[in-house]
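Per-chain residue numbering starts at 1, and chain names A, B, C and D are given in the order in which the chains are listed.
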């Protein structure tokens, strides 16, 4: 199978590069807006422990919102189901940075993968500790999951986002006004922004997702029950207002980031990381989404049924 | 395995009946409001062709919104992907009969499983044919899927809903005002209401779901590719604003109806029908949801990973 | 003063006709869409009993939403302040036919001048009587106010609107679903549509507004206290989502209709009717709004202070 | 007339104090929440130059949102109608601190009297100057209007609001994210909060309103044309989501503040300041609203028609 997969990924890399329309990198973080969109990388971690790659799979990129999966995993490890008193588990039916629903629902974000929900998750982790300690916990969790210590926060990206991230600042202050932040807004926000600025390669990210995929040897860091829940949330809310479209086309749980990365999970089979910086209308990587669709189709990995 | 499942369903039936809190039947359709909530039935159709049941599995109930899965299957069979120009594939983040999003999105319903979306689907089927012919097509499709001709529309329920279904009448007229109904609103609405009034037993419904589950011998009526898509939509939008909660707790695609039924799909493994008339706050059957959770847990059927 | 006003209106008529951009007639009522927009009429009823006119002041037009002022006056006469349990008194901050707010506010329209609110008002008048009797009451009220029996309903317009008025049908059914219609939706809607189809000339309408302006000899039909309240509502909500703009530019209470008419009230001084069929972006007559601004400015009639 | 008014105000003071239900002071600014609600003052500045008072008319209170009228007057004086490219003139149909509409309208506040709109107004004044200079301009404008130099900012209140004003911080950051703030959010917000913390007595505030009422000798500071526009905005949007109710009951333009004050304008006749710290459900002073209604009724001052 691995030979077939290797051949497929090489072909896929060629097909993606031949597409021609890469989409546009996120423009609201100046540091990310400057990245050349004509890049593509993919790494597939399989149940047998092997990693198959193609393209720019060793290039570091900003994982951004993909970090929300790891911070949620940390929170679930620490306080478990209690987190659901502060954040919901439903699709938002709105953009990732929408503030509208937050008013209608009185400060309780619809799910932990929209920005408001992730700020709440990080705020929970921050409680009783400094931002530095909190960030260490999240980064160390990712390192342990990937079994690789060479994973760091890109402070240039964090600074860039801090200077222009007014919408997230609005969300943090709004949450605070409803009493759904335990820490000062600027502290929760600063920690959240730094967590989003974690840099990883496709290989590192695919390795870090093995526990969520429930692959052999990786389940000690996230229990199977927690992994199932993370996957359910990724399936329902992992791609913002394009989650339904992604589920329909790909049929696998995934989580995107505006840095152009997607973490894709084939439960029991594989953990996949795909990266291409140009985004589609929903704010998800255009080429990574297409590659995810082609990969899932080729491998027959859809959780919704075989060929 | 079947012996284990039989024992489990018998135990489950006892546990559900011991719960004590059945929820409240739908109150907006007078004919349904009168039903005794203290009822429970379950039928599981397995890949080996056997059907295992417990409780009131042979009692007929009004399938209501579960019919939306079958009418969508009919439309996909007839015009295929073109239907997505008229209706979306995203969670609505709102109640099943919300009209609010319809205004924001200019008459294009968010998905085919909220009422507005299902009225559009039925309107598409109605185009070029009479309501009677359209209803025959839907009922015959269900009969063929269940391999059972004894499936009918309960006209008393249809009449009851027609007399008090003002919110659906509002939705139909609103869709028409945006040009997203091809037929007169009362015609599309009347056909939709009759389709919802199809009566089935758990056994019949479980059998009808086998094609969606991709079980052997059942795939001729719905292709595997279409079945995967139906499952994706059921997972994302099958339980209205409680879809996330259902995915999180159960981990399987499903579709509920206000008659108290749930069609639950374990792709490649089983098609399950559960019925109990009392509803929870989202408008889904309270006890059927609980039973779905326990069954999926016991069998390890979650599509999001094993135990 | 009247000589000055006569000269001013003649000059105004010329200026309006020279503007060149008439706006577009309402397109959602086919019968109204066919009217030539290049028409303009104005009639001013003064405190001394005289009427000064210019342009097409004797031409009949469909008063449409201006009828809401008269039906509200009828309801206030019959049940008084009780009507406010069914409808609010606040600006809607939305289009005249918005259904969105109705969902947020659970079926209680924001004010009696948006369509939903006017349907509720008419429904109240309809209670205990036939549509025919109700329409007689409204038409007779308008005739008495105008002191002119030659005022009728244009049945061609009513029929035209009935055939295509799906959005109003949606509103009526939606109100019913919240229990805020006492009569069947089609009955309340039919009566409302016929009331909107009353035809009047500018002269007739200006005369009918004298009681609202509190002009001498006209107050027996509407008490001064009721007139003040009608004026307050016209000021706050008389021009849908352009009410603030109208108040800012004109400084007088008014009520527009999609037929192109505006009833303008200078309390204690004059009742003015202006008509020109082309509409602006808010759905109010473009040239009638401009004429109202020029007239109020010229006469120093703003209620918000003199020159 | 003044003797009658004196007697009336004395009687009114007694009636208000006898009412018994004062409402609750604003709770979101700790410093204001501590004020005894059982206080009431009123001052009426008449066209003849006299001031008639009753109750606690010489007690200083925090004018809060009433300051929005003065900052808007400053902006109109500086850049005139250009301000309307950044802020609208329509009622919001929502609470004073709603963020929802801001999302729908892409960062352009509905009017300058909701918090978001006032932050934009202040931001415009701030452009090219320091917060200190900007605040001096506003305070000096108020002093000139009141002809009284003993008017100051209460820094304790400003500090109290700075520490807990997360919702306003959310609004400011949100405006910035849409590009509708020229200055850093914290600067615009800080200036806005200090402007709101201006302290005045009823006598001072009634005097400061004379130019808006167009009283003799007061029009040099605000031109009659500007005064009419301020009155139009106060009538339409001066009491947040209770503006319609206020217009209906009182019939005069006014602007409330959460400190319990109301500036009430009877164009050409009087400028009135009323104060009582307890608020009603809309966030307007409960007893000041009642007093305004009784005063306007007694004097026959409604702009919507006489008795």
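Throughout what follows, a contact is a pair of C-beta atoms (placed from the backbone, for glycine too) under 8 Å apart; a residue touches a chain by one contact, two chains touch by 3 or more.
Just so it is clear, the structure is predicted and the values come from calculations on it, not from any experiment.
Engineer: So which chain is farthest from chain A, going by the mean of the CA atoms in each chain?
Structural biologist: Measuring from the centre of chain A, the most distant chain centre belongs to C.
Engineer: I'd like the Å distance between the centres of chain A and chain B, where a centre is the mean of that chain's Cα atoms.
Structural biologist: 32
Engineer: Express in whole angstrom the distance between the two chain centres, defined as the mean CA positions of chain A and chain C.
Structural biologist: 55
Engineer: Between chain A and chain D, what is the separation of their C-alpha centroids in Å?
Structural biologist: 47
Engineer: Which chain A residues touch at least two other chains?
Structural biologist: In chain A, no residue touches two or more other chains.
Engineer: Tell me the shape of the graph of touching chains, choosing from line, ring, star, complete and other.
Structural biologist: ring
Engineer: Looking at the whole structure, which two-chain pairs count as touching?
Structural biologist: A-B, A-D, B-C, C-D
Engineer: Could you list, by residue number, the parts of chain D that touch chain A in their complex?
Structural biologist: Per the touch definition, chain D meets chain A at residues 98-100, 102-104, 166-167, 169-174, 176-177, 185.
Engineer: Which stretch or stretches of chain A touch chain B in the complex?
Structural biologist: Residues 88-94, 101, 110-111, 213-214, 224-225, 227-229, 231-233, 235-237, 241-245, 247-248, 251, 253, 267-268, 302-307 of chain A touch chain B in their complex.
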